[in-house]
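What follows are several structures.
Two complexes follow with chain A in common, the first pairing it with chain B and the second with chain C.
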Partner chain A sequence: MTIKQIFFLSIGLFLILATPHAVMSVELTALEIIQQVNSRDEGERLSRDMNIELIDRRGNKRVQKTKAFRQYFGSTKKTVIFYLSPSNIKDTAFLTWDFPEAEKDDEQWLYLPAFRKVRRVSASDSGDYFLGTDFTYEEIKKESKISEENYTFSLVGEETVNERPTWVIEATPVDDSVVDIYGFSKILLKVDQEILMPRHTEYWDESGNFLKTVEILKVKDIDGIWSIEEIHVSNDKTGHKTIMTFENADYQTPIKKRLFESNTLTRGF
Partner chain B sequence: MLSKLASYLFCCCLCISSITVFSKDLDLSSTLVWRLGVDRDTAVQFNILDYEQTASLDINSNLTFNMVGLLHWDSKDKLEPGILNREYRSTLSRDVTVNDDLSVSLREFYFDYYLGDLFIRAGKQQIAWGQADNIRVLDVINPTSFSEFILPDIENRRIPLWSVMLETSIKSMNLQAIWVPDSSVNEFSSGVYPFFQNETVLRPRSFADSDYGFKLSGLLGGWDISLNYLSHFRDTPAVSFDPSSRTTSLFYERSSLIGASFSKPIGGIIFRGEVGYESNKSEFDGQSKINASEASYLVGIDYSGKRNLFISAQFNQDILFADGPMANRKDELFTLLVNKKLYQESHELETTLIYDLDGDDYLLRGSYKLQRSSNRVYEFGYNYFGGDRNGNIGRFSNASHLYMSIVFNL
Partner chain C sequence: MSEKKMGLLQNYFSSVIKFRWYVIALVLIVNVILALQLTKLTKNVHADAFVSEDEPALIYTDRVKEVFNLKDPIVIAVGNEGSKGVYNKETLVLVSRLSSELKKIENVDPSGIISLATESNIEGVSDGMEVTDFLSSDFSDEHISWVKRSIENYPAMDGVLVSRDGSMTLIVVELLDQKNAKETYYKVMDLVASIESELEDNRIFVSGEGATTGFLSAYIEKDAKRLNPITGVIILIILILAFYTVPATTIPLVIVAGTVNMSLGIMAFFNVEYYVITNGLIVCMIGIAVADSIHFFSEYYKNIKNAEGDALHSDIIIRAMTRIFNPVTLTSITTAVGFLSLYPSNTMPPLKYFGIYGGLAVMIAWVLTMTLTPSLVSLSKMKPSLLYKDGLSYVYLFLPKLLYRTTLTKPRLTLFIFGILSCIGIFFSTNVITNEERIENLQPTEKLYRSDKAINRAMDGTYYIDLIIETNEVDGVLEYELLTSIEKLQLFLDSEQNITKSVSIADYIKKMNQALNEGEAGAYVIPDDSNLVAQLFLLYSLSGSPTDFENIIDSNKQSTIVRAYMKSSSYLTSRELIPRIQTYIDGNMPSDVEVNISGRVLIDYHLVKSINGSHVKSVVLAFTLVILIASLLFRSLLCGLYIAVPVGLSILVVYTVMGINGIWLGIGTAMFASIAIGLSIDFAIHLMDFFIDRNETNKGLSIREKMDIFFDATGRALWFNLLTIGLGFSVLIFSTVPSLHNFGVLVSLALGTAFLSTIMLLPCLLEVFKPKFLFR
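Moving on, here comes the complex of A and B:
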């Protein structure tokens, strides 16, 4: 090989290595993409305002305002949501501790102001819808991520979603117990190739019927972390929609540890 | 009376206004609830309007002020005939009664303050202990109003008291200390409990007869547990008999309550319970006062099924320790609640059974709630008192009714 050939070969190799997406789209498997999605930085802590609009098939709308806090304690993720309005659910609070060990059930508590007591909630309800929304408890916990243990993944192809290049990945439950617990027989994720977040996700129910679509419509870089600002869910089965908008996301301000203790849910934040 | 009401409202507004000047954040919310009940003869049993105003002020990062005021209007006044004997409540805890139908009350009025890790809540508040629903084993700090028997939710029946609560963390546990100088006791409407109509209520003395207690709670091995101690005047009076004058009188007695509570999820079921021992619970056998103590316990199971089905069952037993015919007397109560939410929780069906095993009587409640928008909740339901008409519950059989209510979130 002549020096001239070596030179041009080196230039070619450099150009190939300098374009990471091109390399990734060729080399990454579906599981590797999902692993990168799940490894996406979500910050050690987060506090934000969360507005939830619940719209039924007739267009009737219920609006709930909440304040949400999340923090990692080691590898345990603790999340607490305080309801601010409407007044009939004001001061209701939901606390969850998400342990990294798959075999260890999450701990969950619900504070109901009507009883002035904090009640334990069974974590086995992961597939149930979260407090009237079209998100399941599991989806609220995972925040646009997905369990690698419960599904097998295959790369279906690539698509453009809202002018963003995405990988299309199909997730199928590893066994029937996963279908039974979480309620989905198939999930189709369209993962943004740059920010590693599913922009568009489709779900099929236990019977294989199309169930719902989740769309992340607005995302913003806040302190170097890609943060969802608006997410829509359309439930095909019921005609119900959920729109969640997030404001004032703050990854920097320390959060008092007491907010994540069940004993102190009665105090509010 | 109106001038007293006006002065009362003026002072509240002045207080809020002056605090508002220094506050960072003022949050106001209110609800208006209208309830209409008709009995078996389709006669209106109650026609009630409740307006509740809540104010919350963040004065600074460590200090918050909270207030809940209630305007209560009952046009029929059948369940609470006349003005309640306000002697049940301490002077500072009384409602302002405008007339037989209208009253204004300061439900809650307290400050929350953080002094480092120490949390202080001082003012008129509700403090609830225990894991039970609508049954009071450990939840005895605040008295309750029986003016409408047990029909309103416990939140509305519990009488807030002027008290101080301190909480701090000790390693992974939470220690709570309470001091309750407010001597208000259970409230019995003469219309519901005629026995109290002519009796003089000699309440404990505020401050001199304060209640106080401690609670240590935390999460241990997946169990939510608490250990509780309360030195208090029991809120239901005991009866004594004077043989010389052949008269009965009511009195309130101090007792020490020692107890514990627990809850833990086991699979899809929450297992919970509480136990308490009252050192002093005098009884009246028709002839004389009997000195006694009482142990109570409750076990409950909550099951959350798929698709928003919730089933909760509780068993409660009170065991009296006394000499004579009342020895080891047991009172037993069973409750069952079934709740189903539909259409993203915009529809809710609920049935509750409260069954007195000793009296063989029961209260059966059913309701349907509809919430299509944020600011309105409609409810239709019934309360049926059945079983032995001599029982504690069954004797209200004539009060069985259908009802509807609308909650306006303003």
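Moving on, here comes the complex of A and C:
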């Protein structure tokens, strides 16, 4: 290798290392970015404190504190949420089993302490709202990811969101059935170029009216996994808002298996 | 008239003619400026337009609407009279199709559509609870039977979403922006029209507050476009029949155009909105503005006919203007006072503005007549009217002369007959009913009217009274004691004859509790544990939207609505119902919660209640003021009272007709009296003015002889004045808005009666009682 070759190689390497995102943005297609978003590690198991603030059109706020656990059993994702407050729903528990097979309905159970019984409840539709929040089941299930099969993606530009460079990607449903199921005619995602997480997402309803905005305001690297600490959703049409904050995320400590069984929901966590 | 006054007037009118181009230019400039304001004129056809902004019922209802996010939807009903009603494949497919097509219409909130295609059933099953959509892709007989059963077992839906007999189901459509209701309504109607041809046994009806607002907006526009030209044509015909000359037909129309333009321009400048009844105001303006011109031209052509060969045109104009100045000014003042009396005596903004701008229009017409008319006439050539021949005058005056000559032959008998007729009138007047229903602003043949009636016949009603229950603490509504009070309140409401159904949060809680207990019939009760109630809501939130219950309970679960459905919003119903509900609330609801009534029916109740009081006030005020003005001008209270007789009779006849024909005293008709008083006094003022003014010249003549001279001199003007204003108002008979139609009929009737009693009764009174003021 001549001095000249070494010089150009060094320059080349320097450029690649110094501006990795610029190079990626040139090379990556919208679909590739989404694939990278979807392959983001979310850990096999997770336990955390989840606080839900529900704010109505007029600014009235209700706060629910919960303890949430999630674990993969093979490809089945099981999630359980135990309510800690307010007192009138304390100890209420909601368990859900998400099966990877599209044709297989999820299974859900709810334990109502005042009723002293666990009840199975019919699987919610993907487009249904999740536990009185402004998130849909699909969004909760996907954890800031988006189905590659249901949408076509196009990269419409780059933008800085909260001082972070993002790719702006427009997702269009592949057909009307997707619109019917999930309720969106268009989604605009602004994906953080570094942590591959949509920082700001906008949704349009089935008729093309602007619907809502989801913003991830705080993230933290916990055990090498980028974890959301604060996420806001505001529904433009209803004026309703949801703020979720997460604390004490733990990807390491094993979770008791019984927490994910319907018949032991009564025992708490 | 004194020499001095006459001299002053002659100088004034001669100056007007001298500076006529300045006058014309000034009027033109003012008109152009005000015409530019017209683009600012906005329509307000909303139901709240008639309610004063500080009406507590409106303020409270608006607050409730804001707290519970209540909207004014468009309601689409699908009906099927077949044996299965709507529970058949064809109808349910249609409901699904309409529900999804409606989502595509601009300004329709796709998530604000409530129908069988969007709602779900909560059902208890052996191992849990199922929330199942009523309609999916399954239209089998078995599924349809399940839908029917589910609705019948869901009290909050039965009668509200599907009629109890199953013959009709509703699709309730909320709008994103209420301001564009008109455009959205027409798009919905287009969609319905495109489907209607494919319907076999099904029928589609469109109604609801959103539809009514949208429809009325276009309806009054169409009505105005039809009425105003008809009025113009009628006036033109009368002018041709009265004078048959170019100046006498064109100049009054210029005065009319100026009056309407300036009045509406000033309205627009002050941001006063155009209401349903403003259509009536334009017709009033046209009639009134032309009346002054008729007086002038009658005098003008009479002067030309009697003029000597070398008479100057300007002198003839000045003489005519000077002669009509007094009576025209006097009648303009009394007419304006009639209109203006609507302002202090009413709380409804459209009526207040009707009074102010009606009064303003009268004065604008007067100013234009006193300035523009002589200026324009002086530009024309002095030509006599072919119709001013002695023989023709006989034709015109034959009928009125026959009438007063007949009554004057037996004046005491005439007084007796009028007395008897008045007693009969008073008897029937007591039958007048005060009422108002917004839907009655439409003709019964209108689609929207028929839809409203059809929907209210089949369903539990589209009208409602809301009872707002407010507690002091978060989750206060979930307390067992309060929920059972609500349940009892509903039992009371349901027992009321005019309430078809009541719905509250207690119904949903009972339904959820039943579902949680595997659908057991005995579990359709309120759980006695408020924690369980809170948990039921959490259970519901598994599949519901965060704003699903926002129309019935606030997010803090601190206040809630109990809605009582009714088939009619009539005051005749609410006047007894609302006080009864209030009594129940006062005596039976827990003392630590606040319970208030709210909603459109309550607002209408207060509105109609206020019509009664304000109507009496405005009639008394108008009557007193015009009589007072007449007394002052003729310097005799007794003279004022004589003048009051034909006016009072005209109002009495109108009440009689209303009482016999069941015409309601409502928003539109309540205005008639003040305006009729202001207008109908004109005839008596003209008569008295003539009698007193010519007292010296006519000394020693009998009343009959005086009447003959009066009619030969001004009777012609009076006669055409009656025809113009009377026929002008009667154009409103062609209005498609029933309240305006009635208003037109009543004012025309009042004017006719006033004219007849002025020429038939007043001379008899003077003959019998020979009052002193007549011989001063």
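As a working rule, the second predicted complex is superposed on the first by the 249 of 269 C-alpha atoms of A that agree within 3 Å, B and C clash if a C-alpha of one lies under 4 Å from a C-alpha of the other, contacts with A are read in each partner's own complex, and residues count from 1 in each chain.
To be clear about the criterion, a contact is a pair of C-beta atoms (placed from the backbone, for glycine too) under 8 Å apart; a residue touches a chain by one contact, two chains touch by 3 or more.
Everything numeric in this text was worked out from a predicted model, so none of it was measured.
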- [ ] Look at where chain B and chain C land on chain A after superposing the complexes, then choose clash or fit.
- [x] clash
- [ ] Have a look at where A:P165 lands relative to chain B and chain C in the superposition and call it first, second, both or neither.
- [x] neither
TODO: Determine, under the contact definition given at the top, whether A:L110 touches first (chain B), second (chain C), both, or neither.
DONE: second
Open item on the list: Under the stated touch criterion, which partner chain does A:G43 make contact with: chain B (first), chain C (second), both, or neither?
Closed with: neither
TODO: Could you tell me if A:D56 is touching chain B, chain C, both of them or neither one (first, second, both, neither)?
DONE: both
Open item on the list: Between chain B and chain C, whom does A:T92 touch in the aligned arrangement: first, second, both, or neither?
Closed with: second
- [ ] Check whether A:Y129 is in contact with chain B, with chain C, with both or with neither, and answer first, second, both or neither.
- [x] both
- [ ] Pick one for A:R120: touches chain B only (first), chain C only (second), both, or neither.
- [x] both
TODO: Considering only touches as defined above, state whether A:D205 meets chain B (first), chain C (second), both or neither.
DONE: second
- [ ] Looking only at the overlay on chain A, choose which of 292-300, 544-552, 562-570 or 598-606 in chain C hits chain B.
- [x] 544-552
TODO: Indicate the residue numbers of chain A shared between its chain B interface and its chain C interface, in ascending order.
DONE: 54, 56, 60, 62, 86-88, 113-115, 119-122, 124-125, 128-129, 131-134, 238, 240, 242
- [ ] Could you please specify the touching residues of chain C with respect to chain A in the complex?
- [x] 66-67, 69, 103-104, 108-111, 127-132, 176, 474-475, 478, 516, 527, 529-532, 534-539, 541-547, 550, 554-556
Open item on the list: Considering only the defined contacts, which chain A positions touch chain C in the complex?
Closed with: 54, 56-58, 60, 62, 83, 86-89, 92, 94, 108-110, 112-115, 119-122, 124-125, 128-129, 131-134, 205-207, 209, 235, 237-238, 240, 242
- [ ] Would you pull the chain B residues touching chain A in the complex into a rising list?
- [x] 27, 29-31, 54, 112, 119, 121, 126-128, 130-131, 133, 153-155, 158, 167, 169, 174, 217-219, 222, 224, 263-265, 267-270, 272, 302, 304, 306-308, 341, 343-346, 371-375, 377, 407, 409-410
Task: Parts of chain A lying in touch with chain B, wherever the complex brings them together - done: 54, 56, 60-64, 84-88, 90, 105, 107, 113-125, 127-129, 131-134, 238, 240, 242, 258, 261-264, 267
